[in-house]
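Below are two complexes that have chain A in common, paired first with chain B and then with chain C.
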Partner chain A sequence: MGRLSVQELSVTYRAENHRLTALDRVDLKLAPGRIVALVGESGSGKTTLGRALLGLLPASAAVSGQIRLDDLELSGLAETQWNDLRWRRVAMLFQDAAGSLNPVQRVRDQVAEPLRVHRGLTLTEARMQADGALAGIGLDPALGTRFPHEVSGGELQRALLAMAMILEPEFVVLDEPTAALDSGTKGAIGRWIRQAADAGTGMLLISHDLELAVALADEVHVLYLGQVIESLPGPALLNNPMHPYTLALSRSVAGLDTHRDLGGVRGDALYRVLHRHPAGTGETDEHAHLVGSAVSHAECHLPARGCLFTPRCTQAVAECSTREPALEECNGHRIRCLRGGIVTELRLQGVAKRYGDAHALHPVDLELRAGETFCLVGESGSGKTTLALMAAGMLEPDLGERVFRGRPMDSWPRQDRHFLARHIGVIQQHPARAVSHRLSVFDIVAEPLRIQQPRLGRDALRERVFAALRDVHLAREPEFLQRYPHELNLGALQRVCVARALVTEPSLLIADEPTSALDPGVQAKVLKRLLDLQIEKGLTMLLVTHDLGLARKVADRIGVMRAGRIVERGPAVRLLNHPEHPYTQELLRGSFRQPIAAPVR
Partner chain B sequence: MLTWRGHLLAYLLTALVMVYLSYRLPGWLPGDFVTAMYADSHVVLGAEQEAALRERLQVDGGFGSYLLALARLDWGTSHAFRVPVSDLILNALPWTLLLMGGAHLLATMLGFVAGVEAAWRRGGRIERTSVGGMTVLQGVPEIGTGVLLLMVFAYHLGWLPAGGGATLYVDHGFAERALDVLRHLALPLATLLLAWFPGNFLLARASMVLVLGQSFLDTARAKGLPPIRVRYAHAARNVLLPMATRFGLRFAFMVTGALVVETIFSYPGLGTLLFNAIGARDLPLIQGIVLFSSLAVLGINLVLESVYARLDPRVRVYGRAL
Partner chain C sequence: MGARFDPAAGLGRRLLADPWFVTGASLSLFLVLLVVLSPWLSPHDPHDMGYAAFAPPSADHWLGVNDGGMDIFAELLAGLRNTLAFGLVTASAGLAIGILVGLASAWFRGVVDQVLMRVADLLLAIPAVMILILLASFYRPSPWVLALVLASLAWPTSARLIRSQALGLRTRPHIAAARQMGGSSAYIIGRHMMPELFPLYLIAFASKVRMAVFMEASLSFLGLFDPTRKSLGRMISDALPFYYLDVWWHWLLPPIVLLTLLIMAFTFLAVSLERFFDPRLRAAWAD
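Right after this comes the complex of A and B.
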C-alpha cells in the first residue's frame, strides 16, 4: 500500500482577462486507512485539489508542484497513463450524486463499467461482480437494473460508493458524499466510509459538513482561498479551533446538540485573482488581488499581500496585511496566523477577593479568547459579579494578576487607564442605578466618547451616538434624546446602558445581566445585535447571567460558579449536554421546563 | 396518465378526424377539374356537356361510403391520369422515400457526428468557424442551392443528369440501373443535405455542449475510460434524443418537404405528383396525397414515441416502452 501526497501544489485557472488562484502551495499526505478531510467555504479550492489527484483539471488550469503516488510523479503524465491509474488506484466521487451517473444507462452497467475497461471482464462477469458489490453495500441487486432517475438519492450515493470501490483502489476522493441526504442515510454512509477506510483505503473527504468531518476524519485541513489555514485533529474542529476562521466556521454549524445561535464568517466570500490593469491605469505588471462579488470592485480590490484572511479577520493588526504567515506548529495544530491563532483578550490568574472574613471569590483563573462568548452562570452570591467587575478593571483583586491584551492591568500607568475604558465596555447589573439622573439620554450615551475622544467633532459625535442607539433599537428623535432617566421605563433604560457600553466600539464587553430588565421581544433583538457585532467586529463577551436558557443561545463556553469558585467550565455544547459537576447537573435539572408540582404534604 | 391502449385510441380518433377533413377538402378548394381542364382549351363545352361531365366526376356518396371505399383501399380515380389514386401514390412513394429518407438519414448522421466532434473541441478555431458557417448556410433556401447545383453540375459541367429519377426506356443490368438511379439522386440529395445538415449539426453541437457540462462525464473520465468511450457511450448517447425528435418531425413532412426540390429536379416523387395534381385541380389525387401524408405524420409520431423511450428511459410514460 502506498502513499499519495501533494507538495507545494498550486493551481490557477485562466479566465477572460485574469487568472484565478485556486490552490496556493498546498501540502497534503494521504495514507492507507486514514481519512483526511478538507473543509472550507465554496471556492476555497477543495474540489480543485481532489480533481488534481486524478489529473481531471480543465484545460484552463495551470498546475505547479508535485503529486506523488508512491514513487510515481503524477503531474505531467500523459492522458493514457492517467487513464491507467484512474479508478484502478485512485477513484473519485463528485459532488451532486444525482448527476454523477449517466441518465440513459442502467445503474448496474455503470457500476460494472470499470471492470470491463480495466480488467477486461465480459459483460456477464462484470454484471455479476457489480451485483455483488451492490449487495455488499446493502442495496437490493434488482436496483441495479434500474435507471438512475428511478433510484432514490441515498441509494444512488451507495451505488456510487460501490462503484468507487469496485476495483479496490488504494485511494478514494469523496466530494460531498452526504450532501442532500437525510441524517439516517448520512449516518449509514458515514459508517460505511469509516469501514472502508479501516479496511485499508485512504480517503480524502471533501465537505463543508463540519460535523461529518469531525465524525470521520483523522485529520482536518481547513482551506481558505487556496491555502491551508489550519490543520488539526478531527475532534478539535468544533471544540478547539485555533484560527479565527476555523472558529467562525465552527460557529456556522447547525449541530443537533448545539444550542448557540448560528454565527457565520464576517464579510463576503472573496476570490483571489492575478491580473494586470490596462496600460496607463496604475500597475501594469501582473499582481495579486482579492476580489469580491457582493461588494463593489474598488471596495474589495484588496491587495493579496500578507495574510489572506486579513479583510475578514476580527483580530487583524497592521502587520497582518504586509507579512505573509507560514503554516506553523502550535499545540498539536498547524495554523497560518501571525498572531499565533486566536489571541487571548483577557487573562485573569488566581484573582481573589475577600470582604472581611467573607471570601467573595477564591483564587480563580479565567481566560477569554478574542471573539468568544463566555457565560458565567450560578446562583446569587456565587461571586459572578465580583469576577466580572475585576475583569472590567473596576474592582481591584486582593491577589492575582490580570492581563488585558498582553499588558498587565494593575501595573498600567494611570494616564493609560483610559485605554482600558475605551476597549472594555461594561453593562452594569441595575440600569437605573448605573446612570446619572442628571444627564439626558443623549448625554449618557455620549459621555464615554467625550472623555475618550475629546477632539471628536460635534457631528461625528452625534453620528456615533445615533449609531449606538440604532444598534439597540432606540429612537433618535430629539424629544427622546432630551429625556431624563426617570422618564424612561426600565427596558429603555437598559438599552441606553447597552448603547453606552457599545458607543466606544470596545473589543471586550462585560455585561452583568444585560437583558434582565428587557421584555422578551427586545431581549431577543439586543442579543442578536450583540452576536452580530461579535461576527462583524470580533467582540469578546463575558456575560453574567442566571438565565441558563439565555446562556445556551449565546455562549461558546460556560463557567458555573458556586460559593466563589468556578466549579465547572467547558465548551457550552459539552457542558450543557454532559454536565460533570453535580451542581451543574442540579442547575440544569432546575431550569428546564418542567411543571412545578406543589410539595406533597 | 394514459394507458397505452388509451393512447392508441387517441391516435385512431385523430386519424378519423384526418379522414373526415380530407373528405371535406374538395368542397373548400376553389375551382375544379373541369374549369382547369377546359378554361384555356380550344374545345368549348356546351352547358349540357359541362353538367354531364361534372356529374360523371362527382362521386359523393356521403362520408360513410367514403370511409368504406378507403377501407377497401379504393382511394378513387385520378381525373387527369384515369388510373386509381392508390396506384399513383404507390408508384411515387419509393422515389420520395429514397430521396427524403436518404437525405434525412445522411443529414442526421453526419450532423450528429460533426456536431459531437465540434462540441468536444469547443472553443477551437475549427469549431467557431464551423458554427458561423453553418448558421449562414442554414439560412440559404433549398431553391437557391438547388438551382445553383443544377447550373454547375448538370448544365456547365454536365457530370450529372438534370432531372428525373432514372433514365427511361433503357434496359440495364441491376448494377448499371442502381448506378443510374444514384446519379439521378445525387443532385437533389445534395441539395437537401445542404439544406438540412446545418440544422442537425447545430442541434447536435448545442445539445452536446449542454451534456458536456454535466457531472456524469467527470465520473466517466475519472473511471479512466478511453476518450472515445467517454465521448460516444456517455456523452453523445444523450444527444440522440433531440436528434431523433428532429428526424421524426422533419421526416413526417416528407411530402411537402420534398415539393420544392422534387419540382426543381422533376423527380418522380410524391412532391411532383402533388404539384401537378394541384395544377390540374385533380381533386381525388390531391385528396389522396393529403390524406396519405397526414396519416404518415401520425404513424411516424407513433413510432417515434416508442423510439424515445428506448433512447431515454426518463420519457417512459407508460411504465414500459411501447
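Right after this comes the complex of A and C.
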C-alpha cells in the first residue's frame, strides 16, 4: 500500500480575458486507512483538487506542483497511463454522479462495468461480483436489476459508492458523497465509508458538510479560495476552530445536535482571478482580484500580497492585507492567519471577589475569543453577574488579572479610559435602574457617544442613535425620543439599554439578562440582530442568563456557574448533549419537560 | 425597589396638602412680593430725611416717621429687601460649596473624602457668629463680603447631608454605567449625581436662608454693618431707645414681626420639605 501526496499543487483555469485561481500551493497527504476531509464553500477548489488526483482537469487548467502516488509522479502522465491508474488505484465518486448514469442500462451492469473494462471479466463474472458489492454496501441485490430511475437517490448513491470501490482501489476521492441525502441514509453511508477506510482504503472526502467531515475524518483541511486556511487533526476538530473562517463555517451547519441558530460567513463568496486591464486604463500588469457578485471591482482589489480572507474577516488588521500568512502550527492545528488564529478578546485569570466572609466568586479563569458567544448560566447568586461585571471592567476583582486585547485592564482607567468604553458594551441587569431617570430616550442612547466622541456633529450623532434604535426595533419619532424612562414599559426600556450598549459599535458585548423583560417576539428579533452583528462585525458576546433555552440558541460555549465557581464549561453542543457535571445534568433536567438520558460514558 | 421611583411625581399635590408647606410658601411669597412691589407700595425714599420726626402713622406715612425724619414703611421694605438678599446670597453660595464638597467627597472617597470631611468637622466646631463679629468690627467689609464669609463657614452641614445621600447614589447601576462608558468624574458628578439629589438642596437651602437671615439681623442689630444700610435688625436697634414712647407699635413692632415671619417662613419650608423627602430618600436610595 502506498501514499498519495500532493505538493505545492496550483491550478488556474484560463478564461477569455482572465485566469481563475482554483488551487494555490496546496499540500496534502493521503495514507491507507485514513480519511482526509476537504471542506470549504463552493469555489474553494475542493473538487478541482479531487479531479487533479485523477488527472481529470479540463484542458483549460494549468497545473503546477507535484502529485505522487508512491514514487510515481502523476502530473504530466499520458492519458493512457492515467487510464491505467483510474478505478484500479485511484477511484472517484463524482459529485451528483447519479445524473451521469446511463438511464437505459441496469444498475448492476453499470456497477460491473469497471470490472469488465479494467479486469476483462466476463459479463456473468462481473455481474456476480457487482451483486456481491451491492450486498456488501447493504443493498438488496434485486435492486441491481432495475434501471437508475427506478431506484431512490440514496440507493443510487450507495450503488455508485460500491461501483467506485469495486476494483478495490488504494485511494478513493468522494466528492459530496452524501449531498441531498436524508440523515438516515447519510449515516449509513458514513458508516460504510468508515468501514472501508478501516479496511485499508485511503479516502479523500470532499464536502461542504462539516458535520459529516468531523464525524468521519481523521483530519480536516479547510480550503478557502484555493488555499488551505486551517488543518485540523483528530476527531475533536471543530469544537475548537482556530481560524475565524472555520468558526464561521462551523456555525453554518445545521446539525441535529446543534441548537445554536445558524450563523454564516460574513459577506459573499468570492472568486480569485488574475487579469489584465485593457490597454489605456493605466494598469497593464496582470494582477490579482477577488471578485464576487455583490462586490465591485474597486472594492476587492486584492493586494499583491495578503491574506485572502481579509475582506470577509472580522478581525483583520492593516497588516493582513499586505503580508501573506503561512500555514503555521497553532495549538495542534495548522492555520493560515497572521494574527495567530482567532484572537483572544478578553482573558480573566484567577479573578475572585469576596464580600466580607462571603465568596461571591472563587478564583475563576475565563477566556473569550473574538466572535464567539459565551453564555454563563446558573442560578441567581452563583456569581454570574459578579463575573460579568468584572469582565466589563465595572467591578474590581480582589485577586487575579484581566487582559483585554492584550492589555491589562486594570492599568487602563488611568491611561486611556475611553479605550475600554469604546470597545466594551454593557447591558446591565435591571434596565430600569441602569438608566438615569433624568435623561430622555435620545439622551440615554446618545450618552456613550457624547462622552467618547464629544466632537461628533449633531447630525452624525442623530444618525448613530437612530441606527442603534432601529437595530432594537424602537421608534425614532420625536415624541418617543423625548420620553423619560418612567414613561416606558420595561421591554422598551430594556431595548433602550441594548441600543445604548451597541451605539458605540463595541467589539465585546457583555449582557446580563439582556432580554429578560422582552416579549418573545421582540426577544427573538433582538437576539437575531446580535447574532447578525456577530457575523458582520465579529462581535464577541458574554451573555449571562438563567434561561437555558436562550443559551442553547446563541451560545458557542457555555459555562455553568454554581456558588462562585464555573463547575463545567465547554462547547455548547457537548455540554448540552452530554453534560458531565451532576449540577449541569440537574440544571438541564430541570429545564426540559422530559427527563434527559444519563450521559453517555 | 425604586425602579419607577421619581421623587417629583405627584409631589406638588401632596405638598400643597401639607399646612406647614402652605404656610411657609405663602409667607415667603408674601414677603417676596412686598420686596418686589416696594416701589409701588411706598412712594417714599427710605433715605429721605425730610419728613417730620416722630410723625404718627397717616395716610401719607403708613407707619409714621422715625426720629431721623425717615418714612418707617419705606425703611421697613428696604430693610426686608437687604435682609432677604443677604439670606439668599449666603444660602446660594453656601449650598454651592456644600454640594460640590459633598458630592466630591462621596464620589472620590479616600483621601479627598477624609480631608474634606475633617475640614467640615473643624468648621462645625468654630462659632461662625464670633468670626463674623470680629471681621465686621475690625474691617467693616461690605455686606456681600460678609455673606460670602458666612457661606464659606456654613457649608459643612449641607455638605455632610449631601455626602451621606450621595454615597448610596454612587453604587447605582446608571452611575456605574456612565462610568463604564468612560464618563469623567466631573461628568458623572455634574450630569448624574447632582440632579439626583435635587430635593436635598431645597431643604438645605431653606434652612440656610433662615440661618443667614437670623445672622444678618443679629449683626445689624449690633451695628456691625454700615449704619446707613437699611436692615430689619438695625431698625429694631434704632427703635429700641424709644420704646417708652407710643411709637413702639408702629416702629419697633413691624421689623420684629417681619423678621419673625421671615424666619418662620423658611423654617416651615425646611421642616415640610425635610419631612417629605427624607424618609423617601432613604427608602428609595437604599439599593
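Convention: the second predicted complex is superposed on the first by the 574 of 601 C-alpha atoms of A that agree within 3 Å, B and C clash if a C-alpha of one lies under 4 Å from a C-alpha of the other, contacts with A are read in each partner's own complex, and residues count from 1 in each chain.
Definition applied: a residue touches a chain if its C-beta (ideal position, glycine included) is under 8 Å from a C-beta of that chain, and two chains touch if they have at least 3 such contacts.
Bear in mind the structure is a predicted one, so any value in this text is a computation, not a measurement.
Chemist: With the two complexes superposed on chain A, say which partner A:H437 touches: chain B (first), chain C (second), both, or neither.
Modeler: It touches chain C, and chain B stays clear.
Chemist: Is A:E113 contacted by the first partner chain B, the second partner chain C, both or neither?
Modeler: first
Chemist: State whether A:A392 touches chain B only (first), chain C only (second), both chains, or neither.
Modeler: Touch partner of A:A392: chain C, not chain B.
Chemist: So in the superposed three-chain picture, is A:L101 touching just chain B, just chain C, both, or none of them (first/second/both/neither)?
Modeler: So A:L101 only meets chain B here.
Chemist: For A:D84, decide between first (touching chain B), second (touching chain C), both and neither.
Modeler: first
Chemist: Applying the touch criterion given at the start, work out whether A:F466 contacts chain B, chain C, both or neither, answering first, second, both or neither.
Modeler: neither
Chemist: Quick one: classify A:Q428 as touching chain B (first), chain C (second), both or neither.
Modeler: A:Q428 contacts chain C only, not chain B.
Chemist: Pick one for A:E447: touches chain B only (first), chain C only (second), both, or neither.
Modeler: The answer is second: A:E447 touches chain C but not chain B.
Chemist: Mind pulling up the chain A residues that touch chain B in the complex?
Modeler: Within the complex, chain A contacts chain B at residues 54, 56, 79, 82-88, 91-96, 99-105, 113-114, 117-118, 147, 149-150.
Chemist: Which residues of chain C touch chain A once you look at their complex with the stated criterion?
Modeler: Answer in residue numbers: 1, 3-6, 9, 172-174, 176-184, 187, 192, 195-196, 287.
Chemist: Contact residues on chain B for chain A in the complex?
Modeler: Interface residues on the chain B side: 214-216, 218-227, 229, 234, 237-238, 311-314.
Chemist: Per the contact definition, I'd like the list of chain A residues that touch chain C in the complex.
Modeler: 392-394, 417-418, 420-422, 424, 426, 428-430, 432-438, 447-448, 451-452, 486, 500, 504
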